[in-house]
């Protein structure tokens, strides 16, 4: 089955990004396909490559990036939400790309389930 | 990592936008509107639903000048126009509904006259049916 | 002590907690989404009207205006302040407790 | 329809809204801070116990463990799932309504 | 714009940390601990107060391994040690109190035995007095 | 009177940063002193110089920066909260500086009132 994922909060402050990551990992392990994760609202902060958490904590940004590269997940940052919050090509982590909101609509149209994580 | 290309040709879904948050205290009310509008470009069916404090989003008379914040209200007018255009255009297969939950409205002392846009007022039970038959639900 | 409440009383427990944990005679400022608590004719109006009896309850005018709330809808006894009035409340009370 | 609730029922109205706006026989997953709603012996336990009669109520185990909640404290009839079980719930229901 | 230099020599204040949020759903519980600990470096009095869902922050038995999140609980142990050190050191003028509101605790089916640290359990009225006599209140 | 300010949320998503700004402006207009604003938690995002909001919206980051420069307000970004979230010297807006949490304690100690804005 194909799942589209929507992440609406940034790393650390809310659990949304953690929950989404654990869900995506479990879905792929069970043989489902997760073609796209769309990052909206404060979710765009998940793509900030300057994020450097403490050594004893998980690295949320890097973890998404690794997943994208290893499992071929299309991580899309909303361009309008990103501009407003200062997530742009300059500070975009590998494995993410910036595009328009239509990519969210497409994910809702082209998958069997849309699963949203936020606050 | 690579861009994924969805096959969306001929796909027609019903997307419900479930607005439950008050405007201005948070931005959710504003940014969700952008996603409602973009779904029109794909000619998808949409339920734009206002529940809980979300009903305050469409309250008339919002004036944000003193706060220097962007006023969310005009965008709802655009959404209402999009809906009316779709309703009138017989070649267009796009059904939009703008829905307020009666219980949420009444708990907050509001009536349909308080709203900037024309809404369908549904009971909780009726709205539960709308949610249950949606293909995707986007909360805001 | 000035207590600031910025959450809608329909969705969050902030106002309840503020009222439970403030002493009689406190100043309470409803701001941001907290201003919805100042409206008459809602399911939370009675709680707020009761709070007005024992405390000085204020509402931030610019936040009301942004949300389309008119002064005529206010619960009796609630005073409207602007940001300058908010500053005065902070200055004239001996501290601020935020109920965020 | 699967309904996900990620807010504490002590502080937020998400669970109430979910129960009011879901049809009998729905699947409801309590996750993140929503897992507190699965505990017996609290002021919200009765509401959740009632919901169990008409719906299939699940709680996300990893979120319970993180918060120090033991399975012995669960309201009768609530089923514990891990992330793989969460994935199954999404796959086996015809959609997901998030109550965030 | 320029760095401001406060005169803090000899200043002794009572700072209340008002913790009202559950752990893990949000990070507030963790980051506020860092600000509690730093206030010890300035030998300030502190009330570390747990109210509403904040009482869940100090619930025993938290195990975040499956979530791969940082466990907040050990830090409360450090805070309790700081408090005990201050209580025992007669040369140190730093009074820390770790307080749980009885009403919040009971509503959530908890007892003092459920907590990782030793707490004072105060009624709402008693806690209102503590808040009213604080010089600064930092919510979390 | 001296006011210390604590801002715990980022720009746009929550109103906290707007409320704090309006409060600080009004306090200075009334002749009070606001020596320091401390940005903690997601509040560190207020210092992201890459933020570029739409033309019809307020520019939260620039507005803080202008205020700091014109009114000599010390804007301090918490180093630990900033590192975690990727707000570091590289993307720090003019008028902000990065420092430790002790600067918050000092603001609580050295002012007549500490006023907090957050979620």
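For this structure, a couple of remarks:
Note that the chains are named A, B, C, D, E and F in the order they appear, and that numbering of residues resets to 1 at the start of each chain.
In this section, a residue touches a chain if its C-beta (ideal position, glycine included) is under 8 Å from a C-beta of that chain, and two chains touch if they have at least 3 such contacts.
Only a predicted model underlies this, so the values are computations on that prediction, with no experimental measurement involved.
Counting only chains that touch, the fewest steps needed to get from chain B to chain F is 1. Counting the residue numbers used at the interface between chain A and chain F, over half appear in both copies, so the two copies meet with largely the same residues.
Placing every chain at the mean of its C-alpha atoms, the farthest one from chain D is found to be F. Rounded to whole angstrom units, the spacing between the C-alpha centres of chain A and chain F is 28. The geometric centre of chain A is 24 Å away from that of chain D, both derived from CA atoms. Spacing of chain A relative to chain E, judged by their CA centroids, is 33 angstrom.
Of all residues in chain E, those that touch two or more other chains are 24-27, 52, 67, 69, 135-137, 139.
Touching of two or more other chains is recorded for residues 12-13, 15, 22, 41, 54, 57, 80, 113-114, 116, 118 of chain F. Counting partners per residue, chain C has 6, 10-11, 13, 32-33, 62, 82, 95-96, 98, 100 as the residues that reach two or more other chains. Across the assembly, chains come into contact as A-B, A-D, A-E, A-F, B-C, B-D, B-F, C-D, C-E, C-F, D-E, E-F. The part of chain F that touches chain A in the complex is made up of residues 10-13, 41-42, 45, 48-54, 57, 61, 80, 83-88, 90-91.
On chain E, the positions that touch chain A within their shared complex are 24-27, 67-70.
For chain F in complex with chain C, the touching residues are 1, 3, 8, 15-16, 19, 22-23, 25-27, 29-30, 32, 112-119. Contact residues on chain C toward chain B in their complex (touch as defined above): 6-8, 10-11, 32-33, 36, 39-43, 45, 61-63, 65-70, 73, 82. By the touch criterion stated above, chain E contacts chain C in their complex at residues 16, 18, 20, 51-52, 101, 103, 124, 127-129, 131-132, 134-137, 139.
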